[in-house]
Amino acid sequence: MKEEGFIVSVGPHVQGKESITSIMLGFIIALIPAVIASVYYFRIKAIEVILISVISAVIIEAGLQKIMKREVTVLTDYHAILTGLIFGLILPANIPWWAIIIGVFTGLLVGKHVFGGLGSNPFNPALVGWASLKLGYMSHMDISGSILGVIRIEGIGALAEDYSYFSEGYGIESWGSLGGKIKLLIHTLLGWKPLPGEELVGCVGQICALAIIIGAVYLFWKKYISWHIPVGFLGGVLIFSILFYKGEKEFLYPYILIQLLSGGTLIAAFFVATDPITTPVTGAGMLVFGAMAGMITMIGRLWGSWIDPVWFAILVGNALTPLIDKIVKPKPFGRVKSA
Amino acid sequence: MEVLRATIYPMLVMGGLAIFFAIGLGIAAKVFYVYVDPKVKEVEGLLPGANCGGCGYAGCADCAAAIVAGEAPVTACVASSEDVFVAIGEVLGKTVEVKEKEIAMIMCRGTADKAKRKFQYMGIEDCRAALLAGGGDKECQYGCLGLGTCVKNCPFDALSMGEDGLPKVDKDKCTGCGTCTRVCPRGIPKLVPVSLKIAVICSSHDTPPVVKKICEVGCQGCGLCKKACPEKAITIVDSLSVVDPSKCTLCGKCFEKCPTGAIQQLLPA
Amino acid sequence: MRDILRLVVVLTGICVVCSFSLAIVKKGTEERIEYQKIKFIKAPALKAVLPEHDNDPILERVKVKIAPEKVITVFPAKKGGKLMAIAYETAGDGYGGRIEIMLAINVDGSIAGVKVMKCSETPGVGLKIVTEPWFCDQFKKFTVKDKFILGENVQGISGATISSTGTTKAIGEAVKWFDEIMKELG
Amino acid sequence: MKRSMKGGVYLEESKVESTIEDLPVPQRLVIPLKQHKGPPCKSLLKKGKGVKIGDEIGKSEDEFSAPIYATVSGKVAGLPKRFPDIRGGIAPAVEIESDGKEEWSISSSPQEPLQQSPEALMKAIQQMGLVDFGIDAIPLSAKLGLAQSKHVSAVIINGVDLEPGVAVRYKLVTEKKQELINGIKLIKKILNVNTAYLAIEVKNTTAQEQLPGLVSGVAELAVLDSKFPQGLDIFLVKAIMGKEAPSPNGVPEDVGVCVLGADTVIALWDALKDMKPVIDQVITVYGAVNKPKNLRVRIGTPLKDVLSHCGVNGNIAKVIVGGPMMGLAQYSLEIPVTKEITAIYVQRQSDLATISDQKCINCGWCVKVCPMGLLPNVIASFCQVDMFEEAESYNLSYCIECGCCAYVCPAKIPLVHWIKYGKSQIKREEQ
Amino acid sequence: MAVQEAWTFSDYIMLVVSAVLINNILLIRFLGNCPFLGVSKRMDTAIGMAVAVVFVLSCSGPLTWLVQRFLLEPFKVAYIQTLAFILVIACFVQLVETVIKKVSPPLYRSLGIFLPLITTNCAIFGACILNIREKYDFLQSLIFSFASALGFGLALVIFAGIRERFPFARIPKNFQDTSIGLITAGLIGMSFFAFAGLAK
Amino acid sequence: MAQKKSWLKEFTKGLWDEIPPFRFVLGLCPTLACSTAVTDGFGMGLCLTFVVTGANIFISFLRKIIPDEVRIACFIVIIATFVIIVELATQAYFYPLYLSLGIFIPLIVVNCIVLGRAEAFASKNSISLSIADGLGMGLGFTMSLTTLAIFREVLGKGSFAGHFIMWQGFEPFALLQKPPGAFFCLGLMLGIMNLFGKK
């Protein structure tokens, strides 16, 4: 029936629809709400940061693929775009353009290409880039002026002291009342718009929690991420923030809310900690990974030097991933005990 | 006094420490004495360190131990040349008889256009893996599959995949380690003495009608060469012609008769 | 037994010869090392805290025993042969480790200058004890008789309580040695 | 209530719903002398000799081989020694030219199987050349013998088709209800067990309506998820009885259960009730064919006759016996239908699964679907770099090659091929 | 020179946290790179090395502290510290090696092969010197030595875990082995900045 | 086996063919730690050169009388002596260098290069060859360390040997001055070196 003969291969002879490219595209789509929110809050600055990040990621990725004599795939799969997008979203809005390029370059070179490119990297390249900038250009990476940066344990005290700031600026009359709680929730979900005369500081994509959650819902719906890592991560953050909360009872609710919904927590839980390449493969392993990353984040927030050590925490998780995968293994079907 | 103390004290301290530890070590070395043959290390240093496993031991270190222990001959390493054996012999105080160097030869001429395929293979680019799908895509069940497993595994980079789909041996680089022979699922690369002058380049044990149908260049085992050879150097074993090089005079009668050109002269007469 | 003896002799011999030669090298460099140490670590600080003088305080340094276990080096500043002020070191615990301070006191007991020589406080927070001159300078208004209390008469760096306390406490402790030292110096 | 398994995948392949139809007997049949797990039978024929249906044409002493009978009357047209088999190997076969007369060599002799002793039944089963239908094709006598020696306490009659889309058991359980029930009774008698389950798919609504009344007292009806590879016996045992057969290479008999395909049980009854050997095989033909069908095919019918009956669709690229997941791709349509084949799946060029040499991205999807609880990505990665010992330390040998992992892998890594490769290399090293 | 205050329990915890995570002897203080890169190919050898380092350092840290306190200081010969310490460490390690080799060949096979490597391991010597430079007392130096070794072991084991995956990674030829090992060490060190500030 | 070894060959091999720590991967700790500034790197290199050469001379001289059981101990004692001499000398004459090199001066004693050369070369070869070997290895190490330090100082601090040399407005990439940066730079340099010449 065919001249060259039939095709013979080893089964299975059918295949699921998802491919790496489709998943990447899914992640990119899921980040669109966050991008829109970032543009709403930071206007042109957000566009600048994200565009520079994505474009430089694509160009540098192509260059490195060429130098390392790999197939140049930047235009056919979208992973350079995804890396650039995530990187852009976790940068402060007022970072200079050249620093973005340096970060992308360091991240892609040291975090990925020397290891052999997509799939071989033990650490998330976007985070490697972020950490390089954090340690390399600390002053440009400072987000301490942002409300969302106020998540250290002292921060909640500041919230309390600046009570009038919140009541006058945002109409939150009291922390205890239901109305106050709802308003607070809405503000933390939508983001704190700067008051007149103030400038908004913070990371481009981390202002609006709701946008991130919408993207996450999409990812869950498409089954691109499983619940293990987000639940482990948010669970770790939640448990630690309740367990080690030392302030007055009145402020517990705003405290937890801010720990969970602000800063990098949500992007981390849904978009970065879920990066398949650098995280465990088993459900239980993912849960352990998420919980560890969440707890290290909180340890750092409570007692460490950084305002938000979440990305460092995930890098620690990345480093531990091979060990987690070695220890947390599923039980094979029919394994006879005491073999 | 002060000066004296400043020079004596360090000497006292260090001398004391040294005596203490030297005695300790000396006693320990006596009490806990374990013999290790230094020759093993020396021999290991002489071996190529490719850990190819051609000698049948788990790597060069293992082989060195076996050589020193007398379990393996000095010439056990298949990847080393004469001078290495002589050097090992020196270490062990043995004289060495050197056997002739062997290199690999690809015993198949069934290129893509000459040998038929059963089907299109789709899967892992590896000859051993290809056998798992329909038993290999070549009609000839003895022929080279051409996916280059031998090429990938040669520890000395002596093989390359030719344009015609058959591997090629770089005679200068090949050390005769035999890795290719072992990894090839069909045993196509064979080790032959470098001075081999004539050979039948085919591995097929199929009968004449079968070979005729599936391969233009295979040895059919038809026996025309055997009949033509005046020296009786040729026998047919299981449908494959075999030449005894010690009898062959390279008279060339067999080449004339072979219908497929499977029998080949390798060196000038 | 012979083996062990040989072993002992060689190792001991080498050790003894080595330590002997070291002792000689040490003797030859001792003076210079001490001078170098003071010159590189303390000279800039001394220059900053001591009032105008015409002697070399480093060369004229004296060791003073202020407690059974405690000997400090005092650097006298003289002008025209007359003792103007003395300087010595103190240290306190900061946020990121020890804070080493050079303190100078005029002969009348008023504080002539304070300088942080070495610390590992956080830049932007605790390091302000170095980068903001007013913090160290504020001590000049005191004398050795005063008590130093952070938040009352001493103003701390906001957000760096630990660093401020450490510095203040160290100075407060050190001024108490002044009388003892003056007695020794005569 | 439906019972289900851990791992596995849901495929979109829909069931071929048409009733089982008889395929006309072709002119020329090829009957391989190996249609079972064990070594091939020895031919008892000479070229040119006439045969009738039911003549014994191949015989073997081996426990895992079953006698082969002529399935058509006619003349022996050839006795090829090296006929291709479905695994890519070769085995002897017998070619028969049909004379169209359909004569039996034995006359029908109605029996009362249920009255006979288990020993007599076992002997009859051995004689009739019955095998447990499917790629493994273990002779039924060997399988029941094992069950007897392990004193199994329950049987599961498997009405779940293993491969997605295959509808052989799906149709047979309702079309041949009475034979099925009699067969179950027979099995219970042979094995001397009281507990029997009849497993059917949740998709099989007809069976769920029709069977409960009929089987009560004979077997308990168990409804199972339409998930691949739920139809594999070890997963049936786990889903129905909660027992895990020890791996690797564990069989349900190890935990006191015997699992038999519903098609096998029906064939068993049919054969024993007249003492006539099995000459037909029910198969599903689907995929890229014009008319997907469930067919009753004479054993020995070449694939080309089956496919032309179902109308193959122009340019086909791949012909698979078995199903899309665990089936074997064929290169020749001369290959005949045997007792090992339960389905034929045809693909066009555009349906083919792709493979790539992309690096595993650790997504863990393969881990999630692996019914054996393995880490296919790690095992395959080790196999890729020839580190077989390490692969084995991750339980390479437990893999049943079901293909779920490779099905879901977004990097399109041929995981099963790598795993098979690893296993084959370990076997080679052992030799 | 304020009088040193008594250490509280949490000070000791801080000492451990600092030595293990923050000022990790290998990743931040750069000590012990050669064995780190040498014996991390497989998890079991890495664990063997980690155990060996913990054992040797936990012994030689206090040992050299004693030498310093009761030999070098009384005789006012602190400047030959380097000489004295290295002699003590080298001899101690060789002693341990000789004994283990005889007494427990299996233990020697799993740990003994690392012992010669340890003599020239900067981490051991460096930690001993740090004990003195940081003016730790006996207990503190014991804890510091142990915790430093633990930090070394932790980094080694994490690295071995990552390195066990290198066979599958498509690392360019020229970056293989040492090169990629160093970069990975840098990345692990970078991730440990998560703990910055937890202890002084 | 017993080929003639030439003085020049033993010297130059340390400068390229076996240049530590690139080809001859030992002594990574000081390489990483002492390359934040060009002066540190250069100073460290010279200190090491002095120690290797000195130790090589003495070990080669004493190689016949040192018993095997205490071989390592003796080597180390000799090396340590030279290290202390360096320590004292830097304190006396290059105090700032002494401060910035910190514990890495005493650590020369365990530097794998020094002991490695003692074991592998000086204990088996004549004094003159050992000197060549020591000088070559030491200078090779100095070269590598200085190169790495230039990279780290210029980009990480914007200065060369303490003098700011970059353009106005340049902000140094401080990561290169930090431990991870050291690992990255050395790793990348090693990878690039592997592209040239034999491995």
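Should a chain be cited, it is by its letter among A, B, C, D, E and F, assigned in written order, with residues numbered from 1 in that chain.
Everything below uses one rule, namely that a contact is a pair of C-beta atoms (placed from the backbone, for glycine too) under 8 Å apart; a residue touches a chain by one contact, two chains touch by 3 or more.
In UniProt terms the chains read A = Ion-translocating oxidoreductase complex subunit D; B = Ion-translocating oxidoreductase complex subunit B; C = Ion-translocating oxidoreductase complex subunit G; D = Ion-translocating oxidoreductase complex subunit C; E = Ion-translocating oxidoreductase complex subunit A; F = Ion-translocating oxidoreductase complex subunit E.
Computed from a predicted structure; not experimentally measured.
S.K.: Provide the labels of all chains in contact with chain D and in contact with chain E.
M.R.: Touching chain D and chain E alike, sorted by label: A, B.
S.K.: If you walk from chain to touching chain, how few steps can bring you from chain C to chain D?
M.R.: Each step joins two touching chains, and the minimum needed here is 2.
S.K.: By label order, what chains touch chain B and chain D together?
M.R.: A, E
S.K.: From chain B, which chain is the farthest off, judged by mean CA positions?
M.R.: The chain farthest from chain B, judged by C-alpha centres, is C.
S.K.: Using the touch rule from the top, work out which pair, A-E or B-C, shares more C-beta pairs.
M.R.: When B-C is set beside A-E, the one with more contacts is A-E.
S.K.: Using mean CA coordinates as chain centres, what's the chain E-chain F distance in Å?
M.R.: 21
S.K.: Suppose each chain is reduced to the average of its Cα coordinates; what separation in Å results between chain C and chain F?
M.R.: Distance between chain centres: 34 Å.
S.K.: Measuring centre to centre with CA averages, how many angstrom lie between chain A and chain D?
M.R.: Centres of chain A and chain D (C-alpha means) sit 49 Å apart.
S.K.: Based only on mean CA positions, could you tell me how far chain C sits from chain E in angstrom?
M.R.: 32
S.K.: If a residue has to touch 2 or more other chains to count, which residues of chain D qualify?
M.R.: In chain D, 88, 329-331, 352, 355, 359-360, 414, 417, 420 touch at least two other chains.
S.K.: Please list all residues of chain E that touch 2 or more other chains.
M.R.: Only 79-80, 83, 87, 91, 94, 168-170, 172, 175, 179-180, 183, 186-187, 190 qualify.
S.K.: Could you list which residues of chain B touch at least two other chains?
M.R.: Chain B, residues with two or more chain partners: 6, 9-10, 13-14, 17-18, 21-22, 25-26, 29, 118-119, 122-123, 132-134.
S.K.: Could you draw the chains as nodes, link the ones that touch, and say if you get a line, ring, star, complete or other?
M.R.: Topology of touching chains reads as other, fitting no named class.
S.K.: Once the touch criterion is applied, which pairs of chains come out as touching?
M.R.: Here the touching chain pairs work out to A-B, A-D, A-E, A-F, B-C, B-D, B-E, B-F, C-E, C-F, D-E, E-F.
S.K.: Can you name the residues of chain F that touch chain E in the complex?
M.R.: That would be residues 25-30, 32-33, 72-73, 76-77, 79-81, 83-84, 87-88, 103, 106-107, 109-112, 115, 179-184, 186-188, 190-192, 194-195 of chain F.
S.K.: Can you tell me which positions in chain C touch chain E when the two form their complex?
M.R.: On the chain C side, the touching residues are 15, 18-19, 22, 26, 70, 72, 89-93, 95-97, 169-170, 173.
S.K.: Which residues of chain B touch chain A in the complex?
M.R.: Chain B residues touching chain A: 117-123, 132-134, 137.
S.K.: Can you check the complex and tell me which residues of chain E touch chain B?
M.R.: 67, 71-72, 75-77, 80, 83-84, 87-88, 91, 94-95, 98-99, 101-103
S.K.: Where on chain D does chain B make contact in their complex?
M.R.: Residues 87-89, 329-332, 352, 355, 357, 414, 417-418, 420-421, 424-425, 428 of chain D touch chain B in their complex.
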